[in-house]
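Structures for review follow.
Below are two complexes that have chain A in common, paired first with chain B and then with chain C.
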Partner chain A sequence: MILGYIGAGALLAGLVLAGFSSLLSFWSGARDSATFAQVGRRAFYAAAAMVVLASALLEAALVTHDFSLAYVVEHTDLSTPIALVAAGFYGGQEGSLLYWTLILGVLGSASLLASARAGARLAAYAGGILAAILTFFLFVLSVVASPFDLLSVTPPDGLGLNPVLRDGGMLIHPPVVLAGFASFAIPFSFACAALLAGDAGVAWIKHTRRFALLAWGLQTSGLLLGMWWAYHVLGWGGYWGWDPVENVALMPWLATTAYLHSAQVQEKRGRMRAWNFGLVILAFLLVVFGTFIVRSGVVPSVHTFAISAIGPWFLAFLGLCLLFSVGLLALRAGAIATAPTHHPTEPVSREGAFVLQNLLLLGVVAVVLWGTVLPLVSGMLGTQRVVGAPYYERAAGPLLAAVLALMAIGPLLPWRRAGRPALRALRWPLVAAAITAIALALSGVTSIPALLAFPLATAAAATALTEFGRALLKNPQVILRRRRRYGAYLAHLGLVVAVVGIAASQLGQQVRAVTLQPGQQVTVAGYTLVFTGSESRTLADHTELVAGLRFGDQVLEPTRATYAGLGGQALTRVAITTTPFADVYVVLVGTNEDGSATFRIFINPLVTWIWAGGIVIILGVVLGNAGEGGPVAELARRRVPATLPA
Partner chain B sequence: MSAALKWGAPALVVAACVGYLIYAASGGASEYYLTVSELRAHAPDGNVRVAGVVQDDVQKSDGGLHVTFTEKDATASMPVEYSGALPDIFKPGITVVAEGRLGSDGVFHARTLLAKCPSRFSTQPYTS
Partner chain C sequence: MAIIVATLLLFLAGPFVLWPLLKTPEDMPTQAAPPGPLRGPTSPRGGR
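Showing the complex of A and B:
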């Protein structure tokens, strides 16, 4: 009970401090007062400290089973394992908002600590915007959806956690996704602050580079962990269903990916200034849009949304962010436009590759956005219409193939214009693609998507590998010295590995439903399984039906658990075993009275490549983020362009 | 050729391609999303998705791979027939979305069956 009172008090105190910080920071930005800007930042740190306190209190209430709090009752019970009880912090609506706010407070504070060096007014305005966002979240947490609401009667036990969510994935997937979303508020705030301050330079990009990369790394991990979780738990043989919940997590990732590339054009060449502002704003608006979609239930989804009073508040917040940022961009468009130079840039150049990649990624965003909002739009005009996976595959597939091709070409093109030497460098990826295409054709592959995806992936891998090979032959230390560059190539390589896994498992999946008598065997795509029999086990809160299948010298045990206490809800436990070329993925559908059992058996080629590629991507992000000399040193080291103007 | 043309023309081509891909793909792949009563009132050609509540008459056969049940909303109901793996949370009383078509026999032949998945941590809101 006392935890609830202190927690609610901490949120209110945080709200007041954040509001004060926002007003003071904006005022000091307008008046150019360094002292008051510093006070504003300190108020932000204090507000963040209040959020940390409130989070610690909620966590304490959860792990001590303080059932006087409605939130603790609704999301945990005494029998839930303690790690999952702790995960209840971000498992429910109110708690996940508090978690969002916590990340915003902590990372926001970190971004403000050294921000004065990026420019006094820029720092003051950035603090004001970050504090305004923090104020919104603390307002919702204090007034609309408080995790510290008390119950009039304290029940002896809570309602517990749905068995589908009683899984290790619950511990890592949601916090990573939410942190990836929340952390993008930092590049957004500094971008808008730069617009407010009329500072069209690269100060905001350089100051938030690490945060943008962190946000991207977290979003990437969040998407992959979600796929991994769905694949291992849900038992439908796949990992991605183009559900709105997945789509709204994918769109900010695409926009952030585009921004990480176009930001380099501004850092290295001083171009694409307005575009970068626009991209950062778009990425953050997509984050807020996604949060609104996921929490309002306005589009049909297989996920049941926690429909609550906060939907309209998020819609209002989205509208405000949209008006503020887009209005600001329109107002400053003239001032930030790139000054014309005497050295024009040709479209066939590194810049051109980045622009094309950006357009293609935004094209994919448009495809996904249209698919996500179609039910809303069509519902307003008449009967609701929805699109499924075929829409996304047909519309986004060609665009993604083009992005893959650019991953092979772009890194080899020099800045400004590509002459013959640069085009000659394209021979290795071209050869690699040709060899793969011929090998595939010879082995009888006729599917056009496969004949495109694998050769292009090989070409992209060849490009990244030749860059590494060149460095290793010349001077291996260059990889550590120019970490940003080689970190990016490593991330490219990881992405290619993941793409190969995705393409192989999407195009080559085989599935078979089969009923087997004990002793009977079945062969799917060359993998033979023998059914050895099934048994029933009774455990504390559920019963399990376990089937045994011999596969080589292993025994697979696909299981169906039934939770009597939850109205007989069933839970599938998939049996997965990984062979060098494919996952054998077995789902027990049910058993019959004659002792036979029915299975769905999936052969999923190269799925492990997706997870392995994800790890390589994260290694690349870590390498690229580990720090490198300042931009001046970077400029000094920059290689002489391959083609100098005559 | 001016810089604006050199950069603008390819960008327009990309934008046009994206627009065409969205148009072409959504034309062929979109389906109506209806309630049972809407389907009863007017059944469009082709595949549709129909949302409704599973009734108590669930019949499973073939080791659980084949299932028949009645899907109902506030005013109308229809029999549904489905072959395939059922979602874990499938049981009478939950809302499902059946994708398929209404046969001339009056039975809805579902190709896929989606259940509303609990993304909430709790099983139901606490009411005291």
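Showing the complex of A and C:
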């Protein structure tokens, strides 16, 4: 009980400190007062420390089974394994909000610690905006959805975690996704601060580059981990269902991807200033919109366990952020417009490729946004309409194919204009695409999406590999010296590997529903499985119906678990085995009185490529972000002669 | 009870937050030494 009081007190103290920090930082920015800006920053650090204290207390309450707290009762019980009890911290509405706030506080403090270098006024305003966001979250946590609410009577046991969340994926997917969402508040705050300070230079981009890359890396990992979790736990044979919650996580990722590319145009050529502000604002607004969609339940989703009464508060917050940031951008649009230059840019150039890529990615955002809000909009107009996977595939597929083509062409184009040598460099990706297309056609592939996706992916891979090959032949050290550039190529390569996995598993999936008697066998796409029988097992908090299927030397055991203590909720445990070319994915639908069992068997080609591609992308992000020096260090390096005199 | 805890925590955080305002002029690092009468004329290269 004492933990509840101290935790609620820490959140309240954090709320006061964050509010104070926000007001003081804005005031010191307007008055250009370095001393008060410092006090504002210190108040932010103190507010973050209160959030850290509250988080530690909630974790302590969870692992010590303090059932005086409603949150602990609602999300854990005595039989839940301790790792999942600890993960209960972000397993429910209030806890996940506290986790969001924790990441905001910690990363926000890190970004403010070194912010003075970006300019005193910029730093003060950024601190004010970050503190305002922190104030909103702490207000919701203190007043609307507190994880420290106490029960009048302490029960002997809790209700336990939702069965869908009782999986190893629960330990990593939600915290990574939420951290990806929370971390994008930092580029947003510095972008709005630059607009407030009237500083349209690259200071805010340079200062937040690492945070934007971190946010993108976390969002990428979160999306892939979510796909992996859905694939292993939900048992419908796929990893992406165009569910509203998946869509709202994808949209900020697309906007962030666009921003990471267009920011380079501003850094290198001083162009696209207003566009970059707009993209960062859009990405953050999409994050808040996504949080509203997940928490409010306004559209039907598989994530209904996260619904609560905080939806209207997030809608109001979204409205405020929209008014503030878009209003600010509109007010400053004239002042930040790119100055005319004597060096016009040709459409066929690196900048041109980035602009086109940005437009294509925003096109995908528009497609996904419309598909996500259609039930809401159509419901308000009369009949609720829902779109499925075919809509997204037909509308977004061609746009994504064009992005893939740009991944093959763009990196080979020079800045400003592409001359004959640059166009000659395109021969390798073109040859790779042509060979792949011919090989596919000769092997009897007639699917247009396959004939587009695989050659384009090969071309994009050829571009990245050509760049690595050139560096290795000339001077391998350049890869480590220009980490940002080669990190990006590695991320491209990872994305291509993942795209091949997605295309192969989407276009080549085979499904079969069968009922087998013990001893009977079935062959799907050349993979033979023999049903050996089924049995029922009783465990501590649930019962399991397990079927055995022999596949070569292995025995696959698809399972259906039933949790009697949770109103008979059932959970499917998929049996998956990976072969060099495909996953054999078996779902137990049920057993019958005559001893037979019904299965859905999926053969999913190259799914492991998706997870492997994800790992390569993260390696690329790490390489691109690991200790590369700033412009001064870069300049110093260039001045050092290649060979030193003896 | 939570309000009492919050007040206590705010008292604890107060000195850290307000420290830049509590510093006396003696604590402040001197920005530049004022030109004294004994220094004499200095050249732009530091008097060398």
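The rule is short, and it goes like this: the second predicted complex is superposed on the first by the 626 of 646 C-alpha atoms of A that agree within 3 Å, B and C clash if a C-alpha of one lies under 4 Å from a C-alpha of the other, contacts with A are read in each partner's own complex, and residues count from 1 in each chain.
The definition used in the following text is that a residue touches a chain if its C-beta (ideal position, glycine included) is under 8 Å from a C-beta of that chain, and two chains touch if they have at least 3 such contacts.
What you are looking at is a predicted structure, and each value in this text was computed from that prediction instead of being measured.
Asker: For A:G88, is the partner it touches chain B (first), chain C (second), both, or none of the two (neither)?
Answerer: Only chain B is touched by A:G88; chain C is not.
Asker: Where does A:Q38 make contact in the superposed view: on chain B (first), on chain C (second), on both, or on neither?
Answerer: Touch partner of A:Q38: chain C, not chain B.
Asker: In the superposed arrangement, does A:A46 touch chain B (first), chain C (second), both or neither?
Answerer: The second partner, chain C, only.
Asker: Taking the superposition on A as described, I'd like to know which of chain B and chain C A:L161 touches: first, second, both or neither.
Answerer: After superposing on A, A:L161 lies in contact with chain B but is clear of chain C.
Asker: Regarding the shared-chain residue A:V386, is it in contact with chain B (first), chain C (second), both, or neither?
Answerer: Touch partner of A:V386: chain B, not chain C.
Asker: Is A:G371 contacted by the first partner chain B, the second partner chain C, both or neither?
Answerer: The first partner, chain B, only.
Asker: Could you tell me if A:V144 is touching chain B, chain C, both of them or neither one (first, second, both, neither)?
Answerer: Neither chain B nor chain C is touched by A:V144.
Asker: Under the stated touch criterion, which partner chain does A:A8 make contact with: chain B (first), chain C (second), both, or neither?
Answerer: second
Asker: Comparing chain B against chain C, which has contacts with more of the residues in chain A?
Answerer: With both complexes superposed on chain A, more residues of chain A are touched by B.
Asker: Across the two complexes, find the residues of chain A that touch chain B and also touch chain C.
Answerer: On chain A, the chain B and chain C contacts do not overlap at all.
Asker: Sort out for me which residues of chain B touch chain A in the complex.
Answerer: Listed in rising order, the residues are 3, 6-7, 10-11, 14-15, 17-18, 21-22, 24-26, 28-34, 38, 49, 51, 60, 62-65, 84-86, 88-91, 93, 97, 99, 114-126, 128.
Asker: Applying the document's contact rule, which stretches of chain A touch chain B when the two form their complex?
Answerer: 70, 73-75, 88, 91-93, 151-153, 155, 159-162, 164-165, 234-236, 245, 300, 302-306, 344, 346-347, 355-356, 359-360, 363, 366-367, 370-371, 374-375, 378, 383-388, 390-392, 394-396, 398-399, 513, 515, 566-572, 587, 589-592, 596-598, 600
Asker: Give the list of chain A residues in touch with chain C in this complex.
Answerer: 5-6, 8-10, 12-13, 16-17, 20, 35, 38-39, 42-43, 45-46, 49-50, 53, 148
Asker: Would you tell me which residues of chain C are touching chain A in their complex?
Answerer: Contact set of chain C toward chain A: 1-10, 13, 16-21.
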